[in-house]
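Can you read through this structure? Questions will come right after.
Lettered A, B, C, D, E, F, G and H in written order, each chain numbered from 1.
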Amino acid sequence: LRVGYPEVVYGEGKTSEQVTEIATYMQAKGQNVLITRSNDHMYETVVKACPKARYNPLGRTISIVNKAYQETSSKISIIAAGTSDLPVVEEAYETAKIFGNKVEKIIDVGVAGIHRLFNQMDRIREAKVLIVVAGMEGALASVVGGLVDKPIIAVPTSVGYGANLGGVVTLLGMLNSCASGVSVVNIDNGFGAAYNASMINRL
Amino acid sequence: LRVGYPEVVYGEGKTSEQVTEIATYMQAKGQNVLITRSNDHMYETVVKACPKARYNPLGRTISIVNKAYQETSSKISIIAAGTSDLPVVEEAYETAKIFGNKVEKIIDVGVAGIHRLFNQMDRIREAKVLIVVAGMEGALASVVGGLVDKPIIAVPTSVGYGANLGGVVTLLGMLNSCASGVSVVNIDNGFGAAYNASMINRL
Amino acid sequence: LRVGYPEVVYGEGKTSEQVTEIATYMQAKGQNVLITRSNDHMYETVVKACPKARYNPLGRTISIVNKAYQETSSKISIIAAGTSDLPVVEEAYETAKIFGNKVEKIIDVGVAGIHRLFNQMDRIREAKVLIVVAGMEGALASVVGGLVDKPIIAVPTSVGYGANLGGVVTLLGMLNSCASGVSVVNIDNGFGAAYNASMINRL
Amino acid sequence: LRVGYPEVVYGEGKTSEQVTEIATYMQAKGQNVLITRSNDHMYETVVKACPKARYNPLGRTISIVNKAYQETSSKISIIAAGTSDLPVVEEAYETAKIFGNKVEKIIDVGVAGIHRLFNQMDRIREAKVLIVVAGMEGALASVVGGLVDKPIIAVPTSVGYGANLGGVVTLLGMLNSCASGVSVVNIDNGFGAAYNASMINRL
Amino acid sequence: LRVGYPEVVYGEGKTSEQVTEIATYMQAKGQNVLITRSNDHMYETVVKACPKARYNPLGRTISIVNKAYQETSSKISIIAAGTSDLPVVEEAYETAKIFGNKVEKIIDVGVAGIHRLFNQMDRIREAKVLIVVAGMEGALASVVGGLVDKPIIAVPTSVGYGANLGGVVTLLGMLNSCASGVSVVNIDNGFGAAYNASMINRL
Amino acid sequence: LRVGYPEVVYGEGKTSEQVTEIATYMQAKGQNVLITRSNDHMYETVVKACPKARYNPLGRTISIVNKAYQETSSKISIIAAGTSDLPVVEEAYETAKIFGNKVEKIIDVGVAGIHRLFNQMDRIREAKVLIVVAGMEGALASVVGGLVDKPIIAVPTSVGYGANLGGVVTLLGMLNSCASGVSVVNIDNGFGAAYNASMINRL
Amino acid sequence: LRVGYPEVVYGEGKTSEQVTEIATYMQAKGQNVLITRSNDHMYETVVKACPKARYNPLGRTISIVNKAYQETSSKISIIAAGTSDLPVVEEAYETAKIFGNKVEKIIDVGVAGIHRLFNQMDRIREAKVLIVVAGMEGALASVVGGLVDKPIIAVPTSVGYGANLGGVVTLLGMLNSCASGVSVVNIDNGFGAAYNASMINRL
Amino acid sequence: LRVGYPEVVYGEGKTSEQVTEIATYMQAKGQNVLITRSNDHMYETVVKACPKARYNPLGRTISIVNKAYQETSSKISIIAAGTSDLPVVEEAYETAKIFGNKVEKIIDVGVAGIHRLFNQMDRIREAKVLIVVAGMEGALASVVGGLVDKPIIAVPTSVGYGANLGGVVTLLGMLNSCASGVSVVNIDNGFGAAYNASMINRL
């Protein structure tokens, strides 16, 4: 449908065989492929048929670049509160990459140690669009939103326990952000955030 | 803070006098002002001090253009399902306008009569960024997201009854959209959607 | 009780032995049997006693046709958004079948790629009653409801993650459908939808 | 769109003038009109322009029959638990009527006094399709579903207090009905139930 | 504390050793013991030290009668909708038994086949107090409450799926029962219901 | 149905005229009447037709004793945490009274000042059955349940704010009570508690 | 009970007369009184009997200092995000004052404009204990918690709309704070926070 | 950052290797370390590199005291309802210990047997600050709050079943406590409660 775009396969609930079949078909057509929510076994099956497949175990993505692409000159920054948010960061990173974006990760800048965030403000301000990944109360989205005049796509993560309700509290907190310029995607949806950011970065 | 931006005042819970004071101060500085969640009485008080004030009763906004601005050449489209979503549409429209955007409204294109949406696809595809406003199950965001390759900011409205839970179901439905490229703001938050869209439209 | 109806056994929480006992008893009486929410082990136990038993592993159903039945001339169509909804589709399909209905599956027509749905409209319009199976935001029920003038039974599925809340958001979204003619059954309840559709198809 | 169908106007959030305008337009075209969620003032405004308008204050409906219609020979029965469910019963009744159905009301047959329901079983069994209206725990839908072999459309009402949560408990209870053959519409949605029932009754 | 009462031990989260220690201590004192939420391993450990221990695997209870007791002449009836409610029925039954009550089980009388309930009304009416165990929408409590003039303790079970929310819908439905005389205990709390019923039966 | 019982009318949502009609009819038959959820206007209308009517404005009940009744010798105690729970206490009190029970109120014994509760333990222990009325976290039910060996019917009230959720937290807290012997009725349901207690008190 | 403490009266749901009676009684005993959740009419009634009564209309408190008290040398700081949180700030302020604390208000330092918070850090660090009042996503508690090594009592406010759920999202967000040292009281509970802070400040 | 404080590592979601690396680094710097949410395997890995590591399997903590500290003279008391709350008690205990506090555990004093609590009141009153750990309905926090004039930090636990909702009911109950002086931390957050209590105890 969308000419030149990589094919994206949502791996959850698909067998390694089903995914490999799609990947092989796309390889034959010379198209790039991104598989999200994959796993070790899926990668091992895919890579046999598609030797260019590259696996990001933390982000649970498989990227297959069959056709070189031109990277954007403008940049997407992915900002994350803590190390437990890394799986979502990596899903977003791999997505942004294979959609042809220059992309940068700035992690461990949660608001409990806000000076670390301030130390990164110059790098953050260079980006054209920001992805903010956070769990718990999701305060990082508000703080970044107050500091930067760029479109921000916030991704709540399911990191937390007790009254966190599997990320629902983080999600609703981000939607209530007192800072303007923040829009939100589903819990743990690094792919969706990066797809969105890519659209904006390419404008 | 942000030089050249209009000042935005959230009218809810403020007295007409408090709002007028801010408006008068900004008028003296030659700055544009947008007041959201206002009401008839607030407008009547403000307009005495700021004769340029213009009231949108449906959107509950007061706009005061003290300084002419250049309109963007690219366009924001605001797409809405039904007539009951109009207050949110108007809040978004006035916000986009005073932030200097070319903006267009396409209403009454809900998915229950999907041909009306298809009739508008050419106009919709001309926009640089889309705002989709819908209540009930919020299906319009998914349908537009599947048809258009533009960033979409979805605004759930509190229109509905019974199991609608004051818009929460619409909100969560939009966050679960099966279409990529959709990000979401708070229920009835036309301002936030337009602020976001304006940032993107001006990139 | 209801003469001529197949006996339906809800397999969840029953042992393979308990289920086989019921199936054997019904076989002796020459009555048809449908077992839902079964599993591989249950099938292997049942088929030893009832060699006519046929297993649908995706739908988790066991069908035992001990007595031939006349198929209806009018048709039930089961329409589904994506491949992950297939288990529910298959449960509905097997139920409709053993209750003697002509039934057709139309899958992978989710609203994110709405042209695929439009390509199937002629087939869809031939049905007497429709079952719409969808997860995520459940928009498919609204879209089909707006296009077709037939009774629609919507089945929300528990497919999704994050703010999907195990299908509750899909369920509530479908109940808020802006299209008339849509009624709803419990999450993943393919059996209930087909039982209902069968009653209507046989009117 | 749907030739010969009455035009349905959802009165909530519309002004009496807006509704009158639609009604007058339809009167000129000789089409029947149903206005739901109306009120006294709306009726008084409408009836001046459309003298055939008839008001049901309990059901909050205005019916305008501009063109005689043929009544079905088969029957819809509307069964209700208590007198507080009557507004929903009346909305369903007026909808079924103007869509050309023979329709009957059987009220005050809640399960707390189950003999009253049993006294009505003969009449209930004559119907082609049933609408069951109930608040509180919604048990009536299950009981009727167990007794009758007809399609049942259950309408939860917002009648109740405390842990009833505005009808949400009734709604979810009905969706969990242990009886087959029950599908559900939104809380207080008498219109939707009758629209559905009418489709089925006319098959 | 309460002289003559059996000691009740809540087995969940305790080791087999901890439970055996308590049981042995009570055996030495000649007191009766009831262990709830136990399991096979716990029973095997306990029975070595306390040979009178009797295990109910369905109800997950261990009963140790070290001291004979006089059974009441009045009766508790435990009424249950379906076979999947049996674990809760058995927990209630064993509790009532060891607290010295005459107790009777009447199962598989759910409202989807209400004639089976009616066939048992004479036995039900003989009881002094009733325990009603049901899952799904919990309608049985209302129906029995409407038919019988006895105190009813309703126990919602976590049996169900989808919008059942782990028994919360059943619980809230029972609390909204339209029949008087029904009070409710926690989901799956057969012990609590029987403890209560025992207090009442012994008045 | 139940010979000799007072007729109970739930006033909410009924007109003063409807209620008066029922009351007059029962007066003619010499039967006692209790009207709950009434109001000043309803009382004034009723008392004109039934001069024996007595109004409890706090409990919102109207009691009409047309036929003298024998009071029980055993006692129901109604125990309440604070003065804001009084409306529910009074509804329970009037219900217990007209059903012929000896009944006593013990108020302002919330757990924040637990010594006041201890001062009343002797009176509390004299009762045959207890009604515990409390809002906020509902701890009183657990404390009384731990101290007294009597059946306890707990009534959560909607008193509280913020995270109280209109009494739902109190309700669920009471259902999780760590003390045995506590069963629960709907939020603010003083009538239901007293009806239950009366059944038990009369055993 | 607690000698020397002011008497605190929760005005909500009490009549002006009831409150005045308590206030007069305490005045006679020379004790200080704080009335929370009061209103204009209540103040006018109280002040006639107790001329020392002072009203804070924003905080809805009435303070009556009948006996001078010694102010603490250590300080409580009340920090608030925005002007709409002021009613809660004032309730906390008046409570802290009449309990004899030195107390300071630092408002309008929400995270959307974080530099204003940093400008106040020196004053904030002087306090012995902090009260942080915020609505929306409640991020301020986390940010302050990360910057200051003092006990923090967070008060969520019901300020917000849409997916804010009346402050529940703020509350749960604060409980999930990624910063240590934050404990939480009920929504809008300025009194409770100050009571707590006072206990700590007086250690 | 905070000089002299032990380093706290949140073990959940970290590998044993990652945690050991941090622990070794801190050992080299002579700093104390607390690892929460650890497990057997993590301890075995850590202790090889840091022989001073001490494991609390119930509390799931690893404490490494590399530098002796001075214990406070004032005391923190940790009060718990039942034995199933012990894991949270132990996490709090180890945290308070390594932060240098004198700390005492008082367990099995739940309100269902309130005399056991009263037997401990003298010890409880000696503490400077209290931590109350409870599951189910959380009534213990209110009762202690009513009896003691000390700051109380309440920790809801996820102990319970059915309508307990994983501790959310306990949490909200504690926030609605009718006793003043109670503030609350997240479900099962023994660490957070002790960190807070330590701050207060050291004032």
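Just so it is clear, a contact is a pair of C-beta atoms (placed from the backbone, for glycine too) under 8 Å apart; a residue touches a chain by one contact, two chains touch by 3 or more.
Here the structure is a predicted model, which is why all the values come from computation and not from measurement.
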item	value
Option in F-H, D-F or A-C whose residue-number contact pairs overlap B-C by over half	F-H
Separation of mean Cα positions, chain G and chain E [Å, integer]	48
Separation of chain B from chain D, taking each centre as the mean of its C-alpha atoms, in whole Å	36
Where chain G and chain H are represented by their mean Cα positions, the distance between them in whole Å	27
Residue list for chain H, restricted to those that touch at least two other chains	113, 162-165, 171, 175-176, 180, 186
Touch relationships between chains, expressed as pairs	A-B, A-C, A-G, A-H, B-C, B-D, B-G, C-D, C-E, D-E, D-F, E-F, E-H, F-G, F-H, G-H
Interfacial residue positions of chain C with respect to chain D in the complex	2, 8, 128-129, 149-151, 153, 171, 175-176, 180-186, 191-193, 195-196, 199-200, 203
Contact set on chain B toward chain G in their complex	1, 12-14, 156, 158, 166-168, 171, 186-189
Chain C contact footprint on chain B (complex, rising order)	81-82, 110-114, 136-139, 141-143, 145-147, 160, 162-165, 169-170, 172-180
Contact footprint of chain A on chain C as seen in their complex	83-84, 113, 159, 161-165
